[in-house]
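In what follows, structures are represented as structure tokens.
Both complexes below contain chain A, partnered by chain B and then by chain C.
Showing the complex of A and B:
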């Protein structure tokens, strides 16, 4: 159980703002599950831990997971980091970014350059990539301070295509269309070990994200998302905290970029296109803004769908390819937007809302079917 | 004329003609923004969807060109109406960035459906309406008849829009946009007006797609991020127009077209992605210096 708690975003509970306080105040003695309840929770925790930690390594497992499947799992974990990065901007701060592929790409090329051209260590490269991501995000954030939400969306869109074509097109730095090799670090060359490396970084990112929301900065962001003028009248430095959000988002995106570069081992500029940016938006919104569990699950869902793993896992090729004539690689493009529109109009809490009762139950609360209900996908336009 | 002077001349002519497509997209964006305050990221995909429908009718089913165009426009309009019904109307009380995400979702869905339905031939070509070109006398810029037709359509569309907004129906739309509650009180159906605006915007987008597609080869997402990208330039043109002015959108579209073509000049050849860089820089400068737009009538700024 202890292993599982380290990886899975249970820790979020303390900070999930609207869900918990409603349930607790009336009861004097905090509610505790019975002994049977604890056992049931323990069983589910063990199962979860097994799926995340043991299954990919073929330990204690009847299934045979191949290297390609583990690579898909690593990609899902990396996408989760990227989606958490967008969640900081879109969820906590209400700033939309349609150029998030550039945030990730900057980290990817920075890390590949350091490892390939400068022959420095992978872990240093990840750090520098995170730093690069943060710096470019803060620069873009400085622009956003002068614009309303809608106009800023345009700037990020233009920045995305500028980064893809101009920045990543500088052949001496990025290798141009020929691609840039990004070898994996020595100990982690095998796909199985690389998966655990990605998992460790996801845990780190989740921890930073949790500390962010649990701190003054997180509360300041929530306040300025709701109403920047009121927030600033309470003494919150709106500009500074928006820049903090950009820095953290860029940091996460840089880490995701570095990991994706060494995951693919060769990166080309064209893989950081507008579709990737929209994919990140899908993951965060469908996952449920501001819900760490939801965003991670959303990212995993779309990563598996994108790579075709989900379709083959549930034996749906017959349905999609045979009945609908829809090739597996395009399933996410067709299913994703439908889910997005459904989330926006009917289930604003996304996946995070659907799993909130289970999440609370797992952390030792009563099973409450209505936990985590959200009325609206509150993406406010800051200063609009 | 020779050397740089000729190059600039060619770039200006090409830019203006390419700008016609941007202007058509921008007109649709401005129309929708005035009606619902929404940045419609699906505007360019109305065009691509219309283009794909026309392509299917013309090359796959062997219809005549005029019927193919009519079918393409009809599909674009249907998509516009569906977007209004399924996404924009249910989200009318949500924040504007939420609606923006919704329209981006519509664009992505359209791209997905295009990939799905046309996955046998990934790169498509479509014959032009009139397949010939000539050189502009002094400058020597090659101009296709297709591009001239686009220019003509833009002129006609602008005139029709200008006349329309002076007619009773057009005034109804303006009234509903400015004061929805008061408009309801005097008997204007705001819902119908919203549908009408989205249909018009989709029609403009469809025209942009069907007219620009035959100039190049096209793939799914052609007008959003494919070879004939017009989404970002269209938005920039709309920004230049302060998101409100129709004549401004046309002027903005032509300006953006020319600015973008400056990236093809020979001294920019070393710069990778020069067009994208120019567009990004131009957008930043415009938003920093003149965030209310340039081609805006004085009264519109005061309002």
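Showing the complex of A and C:
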């Protein structure tokens, strides 16, 4: 009797014997774009592909001055991985982490150590970095399992500064203030090739993130974020799945860390400070929690802003530096919170909400400019 | 062997004794009704059965095994499913997503295989979707499948909740006020649904409801709780006529109006206890 799994289809068949075809769900034919519609979508897809793949090549860049530096583009991709990492915790589980720089840093130093000190291969190093990221995240998660909301945020904040001041200061492992060299792998030493490598890792992370949300773990996280009691009554082990979220988040962060280490080719503990954690929060929230597209776009936006690329691209130095007296390197710390407030009050879905109509159109749906609207401001988005 | 056996269950919150020495049992295929005024401890009892509360004393046994210390999700895995008084659904998800979530334990793949996008997960996800579809069809809820839970009216949600709890594949169903927010006709229909579900899935059901006509019609056995204690128990009509029960509900002497209600309830029946309908809302 405990397997109504088997009982159920039999029962429906028995209750309605002539309507057995109804057992296979009748799916209403969904709306399909016309041929012209497909062509239009194809054109946009090609354009997007060209922007992503060829923009850093600088040949046909629409902005000749801006993103000329392919390293900035790589950094944007790496930040996207880091932001997706935070999105797993903050978006899917509702656990706000203010110590994400430590997550990334652990991966960075692990990878640098393996490549420089142990002379092992880069790809192995990325794997180990991901593992290290996951393990430290699970440890932090296990320690703070009973905490939610602000209290959890405080623990991560403390953990972040602990890692920055203490963990990353162990000279034998991290090279101390002098930094640790982290050479790029043989084939990928050029900026372009490294960029494509980062893109490949982003694709992998996006795949995992997609499957996470489309499988039982993602559903469990969505349920426990909103209502842990209901989740457990569905048979979900709430604590176990919070730890799964930590593990996945740490995994992504570890990958991002390894990539950023070999991107800079030398890493210093001071680059993993609170500002980085703050940036990740901004990317994720302004990008739009739980929206993959939004988080990636948010990450790219803040990466370009942080690196000064956006400011110079639109020739805004005069405005920020001249008019407001704001040096370019601080622009993101002023613009970010402003955007954060605008997001929280006007568009809780962030960039993801803004681009949702386009995203849906691109994936073969009818264009609906209200699509993807987040009408309820989830005030208690962070589990209180 | 009884499906559920609660013996001498006591729970105290600070100085308040919410349940005192409650003993209750539900047999195989039985529908047990629990009635009682607000604050009698009915939902607290459910919370002890499902594991949200740890009783101060006493024992909860499911099919002969002591489950008093088990966490909630393990009890669900054993086959105890419950609904909540104030709708236990994920409000920002659609009905279908809720059903998929509720089938958490029916999904055969490992969560990590799902995250990695293992080849078996795709077929399994399709199976889960089809099973959700069947359950919705069974409860005549197909039309709300794509609706967000937060957008649906209360009465429909109570049915969706039953669909969700069925998706967890329970043996023992604990329903906390399934009939609240429903009119007399809807409550009658709900009673039919419950009887039918018991038949189809071989369920045992324990239900709390203020809708006394519904409870007396579908239940095989009824307990009446008051101030955390079992005030009366027995066949539905015996409990209904029990002098203490009427006193607990109405605060008056009972024998003024015995009113033997007709056994089958024809549609909107003359409600003997009108004050109790949807009392917890």
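By our rule, the second predicted complex is superposed on the first by the 336 of 384 C-alpha atoms of A that agree within 3 Å, B and C clash if a C-alpha of one lies under 4 Å from a C-alpha of the other, contacts with A are read in each partner's own complex, and residues count from 1 in each chain.
Methods note: contacts are C-beta pairs under 8 Å (C-beta built on N, C-alpha and C of every residue); 3 or more make two chains touch, one makes a residue touch a chain.
Bear in mind the structure is a predicted one, so any value in this text is a computation, not a measurement.
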item	value
Partner chain(s) touched by A:340 [first = chain B, second = chain C, both, neither]	first
Chain B versus chain C as contact partner of A:149, first or second or both or neither	first
First, second, both or neither for A:214, with chain B first and chain C second	second
Which superposed partner A:169 touches (first chain B, second chain C, both, neither)	first
Chain A residues contacted in one complex by chain B, in the other by chain C	376, 378
Chain C to chain A touching residues, read off their complex	50, 52, 71-73, 76-77, 79, 81-82, 84, 88-93, 97, 100-102, 104-107, 109, 111-112, 114-117, 121, 125, 129-131, 133-135, 137-138, 150, 164-166, 168-169, 171, 200-202
Interfacial residue positions of chain A with respect to chain C in the complex	1-5, 7-9, 11-12, 15, 22-25, 207-208, 210-212, 214-220, 222-223, 226-227, 229-238, 241, 244, 248, 376, 378
Interfacial residue positions of chain B with respect to chain A in the complex	39, 86-87, 90-91, 94-98, 100-102, 104-109, 111-113, 115-116, 119, 221, 224-225, 229, 231-232, 235-236, 239, 271-277, 279-280, 283-284, 287-288, 291
Residues of chain A defined as touching chain B within the complex	94, 96, 98, 143, 146-147, 149-151, 153-155, 157-159, 161-162, 164-166, 169-171, 176, 273-275, 278, 281-282, 285, 324-327, 330, 332-334, 336-338, 340-341, 344-345, 376-381, 384
